[in-house]
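Below are two complexes that have chain A in common, paired first with chain B and then with chain C.
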Partner chain A sequence: MIKSKRGALSALLAALVTVAAVAAGSASAAGKPIVIGWAFDSKGNMSPFDGPALAAANVRIKEINGKGGVNGRPLSITTCDTQNNDPAKAKSCAASLLGKGADIIFTTCDVDYATPVVQESINAGKLTIAPCIGTDQMGPKRFGAKGKLAFSFGNVAQDEGSAMAEYAYARGWKTAATATNTLLAYFKIVVQAFEARFTQLGGKVVDRESYATGANNVQNAVSRINAAKAAVYVTVTSFGELPAFVTGIRSLGNNTPILNSWAGDGTYWVPKSGVSNYYAVTYASAFGDDPNPAVNALAKAVKAGTGGFVTGAAAIDGVVSAIKRAGGSTDGAKLAAVMEKFNKVPTISGLVTFSPALHSVSGRQYRVIRIEGTTEKVVGSVVAKTVPKVG
Partner chain B sequence: MSALVPHLVGAIGAQTIIDAIGQGSIYALMAVGIGLVFGVLRLVNFAYGQLIMAGAYALAYSSQAGWPVWVGIVVCFAVVLALSLGMERAVFRPLRSQSPAVMLIATFAIAFTLQAAALLIDVRDGQIGQPAASIASLNRAIVVGGVDVRKVTIVAVAVAIGALALLAAILGRTRIGLQMRAASSDFLTARMIGVRANTVITVAVLLAGALAAAVAVILTIQSPLVTPDFALIDTVVVLVGVVVGGIDRLWTATLGGFTIGFAQGVINGALPTDKTVFLPSIVFALVVVVLIVKPAGLFVRGRSSVIDRV
Partner chain C sequence: MTLDRRTLLELAGPIALVVIAGLLCLTVSRTIEIYFLLAIISVAIVTSISVFVGNSGVLSFGQISFVAVGAFSSGVLTIPVESKAGVLPALFPLLRDHTLGNVPSLALAAAVGAVLALVLGLPLMRLSGLAAGIATFAVLMITHNLLREWEKIGPGATTLALIPETTGWLQATVGTVLVIVVAFVYRHSRPGRMLCASREDAAAAAAAGINVHRQRLFAFTLSGALGGLAGGLYVHMLGSITADQVFLDLTFLTLAMLVVGGASSLWGAVIGALLVSGLSSFLSESESGIDLGFRFHLPEGSRLVILGAVMAAVLILRPSGISGGREFSLDGAGRLVGRLVGLHTSKGGSR
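Let's look at the complex of A and B:
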């Protein structure tokens, strides 16, 4: 009897100690920051994408923390400069961020450049996010089983091309000539998706041209496409080929509308003499006339040059939703499982949907911007109704 | 393949030829600049493209400052000439007695230093690339027999011919030209008979710089966005063209530059558009064939002396 009383007392004490320990643990976790480790390129080729996305994320985090954080925990960002995405430096950045206790890793907006960071991060079992990789490569398609942990808040290129086709067809442009910059998979896939969806809608692609960054042949494509009579010219490119293509066509006295993707957003490339009848389908307006006032406030705060900045804040919104849906957990596998089930989850850049196969955004409401002279202006919005299976 | 050949031949229309002449002319100008420096210094200046890039940035920033185009062009020439002179004084002159390999590597180092510096300056506004307002009206075309002839093509051809004529006059009819030819033939002997080495080299470097500035103006007419790698690929292609043509003589080097630009334009125009991805492979495969058949240069008579390697 005495033994049983002692046993009961011991059990009670053990239970109390356990409860106290759990309670103490919860109390300490309540204020512990959720650390986002962000490997970014501060002054290299990807800095125009990484910089604004990071700045927008910081603004968003400040707002969220001001409202009490995520389940009572503040968010914080620790950064590491990949120095123009040098692979060795990028890898050591990821290792360093993980060593500093990062719960989630963010990486740059090109999947090739991002790979060293992604691999290091997913091998450590962390949720890995790219704010604006624009292909379907950020996920299992490229990184195999562990790629389940990798997501991008950039658009699926197929979705973007499809949205461009929907806009073109709705504008009454029933014939199109396309010019593909063959440098990047993203460029090619967007054009392929445009062609597929445009044809599906009843439009006709009357001419297909191609050129490549570094091949010095954009003027040949200009000469050829100029001979094609189409209601709209579609090209997906940025870099030096963008103004070369647009001004090349205009200098031949040809004022056919030119339609580009997010790649051609912004006015940084526009010569002082200006351009005309030029359109781009993009994430958001960076020039203060976005239909969403929150986006305009953010654009002003980060001094954005293109609409891509908004993905930094959208990625934070997405991560916050995932953590809340996972009951406050920051475990990579749990968060990834939740994110794969995202179906029209609201973010500052619209509703975000993922699937087990597709870890980049589809179904986003794109803004259509038009540049006349040197001024960019929102002239519409469009959502892709279907995502063509191309690429 | 058998179906591709007739297509290639049939696709070479007048428009393709005109576009190719324009490209060839610009490359010829670059080849003159590269050939001139090689002639007196025996130096293949890999950093030549970065001089063009610097000139293009000068045009871009001048236009952003709201200066008239002519002021921008003056600034472009000033920047390129100053850089050329600085390069000669700070690097080429101290290394003049070193082996060609050392000097070549030095030009690689200069090239990448200038490119990295340009990136740091350019990206300050959060974007890479600065639009240059050059003489945009020259990009317009005149229609001749249904073919669009861009004014810039005419200008490029005229400048190339004019520059070559001017150089011929300088080399053939002036004292400094005579000294440059002497230095080009045998630098040591030329020095012994009183040729002022520093003056000759400085003049050659400045003339090459002036040509680089002219190329910067012409290139920004068709490609207005200036980036840190502006003219980089062109320089590599022209360097190859110069060797293919015959680097030992200015004329053969210039013809080599024109030929590779022209060939690139023609082959690109002839290829089916979805096959243009093969353009570099075809061009450089032809380069290999030419070098095997005519190692001294496509436009050089006879054979070069053979160098013992073992």
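Let's look at the complex of A and C:
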């Protein structure tokens, strides 16, 4: 009887411990949210890139929170519109997000436009993430010692340019003419990397032109490059210069293939009359024909327009991994130290590796898309085998 | 220059406004502080423009060139040397291998602005009217394109980053007060009065023995120095800058501030800059939605529409600007308060 009473008491204690543990777990799951402050461009030049990345991040966060959050804490996003990346507004946005208690700051997809936000954030000691800045400058290279806190889940521009060169050469395009939009570091470095790798492979760059957003000189570049006899024209641009460049060349009766980077992904810029023989090397297909079914499901959920959307979700995957590896801490320095040690960390856009010097992604398997008329389709994939030292 | 009570009050009014704005920075959130700092620095920029445009009556679209060169020279030379190799590898060795402290960089910004204005002013100050406007606009275009394309003197078309953010409330306030004091002293000095005389009637001024070209050149150079200093303050507030930030938008916005406030008075330049800057910041925040006890959310693009409408209304209803071309005076302030509360006084202000 005594034995039985002891057994009952033990069982009761065990049950109480179990209930307490579950209750504690529940309390933790409903713990203080981890706040991501996201400064993004809602309707300006960067909106075709920022908007889809933010939408994909929201979908990913919903999934993660549905599974109990990160170490029992839900993720939440609070946003601020930088209004076409007006520098003062962007800086004010970052301050506002930090004032609202953001643990981590996310910023727009170009390092030049992102600079006011990044500097305000890293000065406050916060981990600062760009889902798709495409240069090696989101880190110490651009932002000095405090740049240790800055990371991008976008590509290293040198890697992207090299992949473009390898694709072009493999397609049998042995001569190229390039046109550089000098507005952004990303545009320039991708073209430089293309030229370096293309030449390395045995290709020949027969003409080099330049233009700049805001300088009203893209048509001059079109006229000059039209005179160059090349197997492919390579430009890296988006904004108004993209349709101007492509339709400008076609209006001259020139149907030479045009190859662009992720900057020229998507069909949002394509005129109703369509374009022809146009290629872009990008992160993922936004139109349901990506080789990765998970990417297609995400693209459908966010109604993506460009392949960069996938980096929004990938950045959340990376941040979640970092928080878990840092024992649940959201301290900027601790998270940055963990992320610098990332070695093939899985995300929806592939494996991510960072180093103390390089805070952007290289070695990504790019999708090559082709636009004919107004339709975009995946026509191949490419991984850069060698990355030239440029930029 | 006679420093009587009324004259000192003319100076005290603008300074008091700037100091109050500076002190308010201590009481508000960082988000609002950024807007206050912008407003204070706008006062410095607009005051520097008024030194030439206000006193000479010659419209210049090129004054932001001096703000730009001040901002870039001060910015480039305060970035740590070890960072320049990575961020600005193409710089001239003199710029790449040297770094200045905060105050020397501001002095350099003023000096660069002054030298550029002096060199450009030698031929340009012989022009007036439409020709002067077009020529100074050409100066703005040339400066912008040099800063945007020439990577031996700056970042080219990309963003100049890593600039120490040394312009807080104190530096912004002290720097702007300095600009106001210099502008005030010049306006009341003999050369300043001679230039004002040429503004009212250039032919009569010349007939009276005033060398109009020389007086305009002096004002243009002084305006360049103050604009350069304002550019230095500006870049050390933002911490980063692009050539596009100191180009057309800033040119037209600051000229609008000057015209709305009243181009021919220092008080007008100050209140025009503070009011337009404050309104612009409020509308910008409103486009993102702000809490005024209720949610106030303006459609995107409203800022420019409303700013434009306000400026047009001021110019139609009060062509000489809000200040009416008058300097600050207690009588004027009393009259303004009286108007606001429905009372009327018959005393006039000082010009």
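Here, the second predicted complex is superposed on the first by the 351 of 391 C-alpha atoms of A that agree within 3 Å, B and C clash if a C-alpha of one lies under 4 Å from a C-alpha of the other, contacts with A are read in each partner's own complex, and residues count from 1 in each chain.
What we mean here is this: a residue touches a chain if its C-beta (ideal position, glycine included) is under 8 Å from a C-beta of that chain, and two chains touch if they have at least 3 such contacts.
Here the structure is a predicted model, which is why all the values come from computation and not from measurement.
Peer 1: Should A:141 be classified as contacting the first partner (chain B), the second (chain C), both, or neither?
Peer 2: After superposition on chain A, A:141 lies in contact with chain C alone.
Peer 1: After superposition on the shared chain, which partner residues are touched by A:252: those of chain B (first), chain C (second), both, or neither?
Peer 2: After superposing on A, A:252 lies in contact with chain B but is clear of chain C.
Peer 1: Which partner does A:276 contact after superposing on A: first (chain B), second (chain C), both, neither?
Peer 2: A:276 contacts neither chain B nor chain C.
Peer 1: Which partner chains sit in contact with A:43 here, chain B, chain C, both or neither? Use first/second/both/neither.
Peer 2: both
Peer 1: Classify the contacts of A:96 with the two partner chains as first (chain B alone), second (chain C alone), both, or neither.
Peer 2: Second partner only, chain C.
Peer 1: Counting only touches as set out at the top, which of chain B and chain C does A:214 meet: first, second, both, neither?
Peer 2: both
Peer 1: Touching A:266 in the superposition: chain B (first), chain C (second), both, neither?
Peer 2: first
Peer 1: Between chain B (first) and chain C (second), which, if any, makes contact with A:185: first, second, both or neither?
Peer 2: After superposing on A, A:185 lies in contact with chain C but is clear of chain B.
Peer 1: Based on the superposed arrangement, let me know which partner A:343 touches: chain B (first), chain C (second), both, or neither?
Peer 2: Neither partner.
Peer 1: For chain A, what residues appear in both contact lists, the one with chain B and the one with chain C?
Peer 2: On chain A, the overlap between the chain B and chain C contacts is residues 43, 182, 212, 214-215.
Peer 1: Going by the contact rule set out above, which residues of chain B touch chain A in the complex?
Peer 2: It comes out as residues 15-16, 19, 22-23, 63-64, 119-120, 123, 125-129, 131-133, 136, 139-141, 148, 150, 222-227, 230, 233-234, 237, 264-265, 268-269, 273-274, 276-277, 279-280.
Peer 1: Under the stated contact criterion, what part of chain C meets chain A in this complex?
Peer 2: Per the stated touch rule, the residues are 29-31, 33-35, 38, 80, 82-83, 86-87, 148-149, 156-159, 161-162, 165, 238-242, 244-245, 284-285, 287-288, 300.
Peer 1: Could you please specify the touching residues of chain A with respect to chain B in the complex?
Peer 2: Listed in rising order, the residues are 43-45, 47-48, 51-52, 84, 182, 208-212, 214-221, 223-224, 226, 239-240, 242-244, 247-248, 251-253, 266, 268-273, 303, 305.
Peer 1: Please name which positions on chain A make contact with chain C in the complex.
Peer 2: 42-43, 80-81, 83, 86-89, 91-93, 95-96, 98-99, 111-113, 115-116, 119-120, 123, 137, 140-144, 182-185, 212, 214-215
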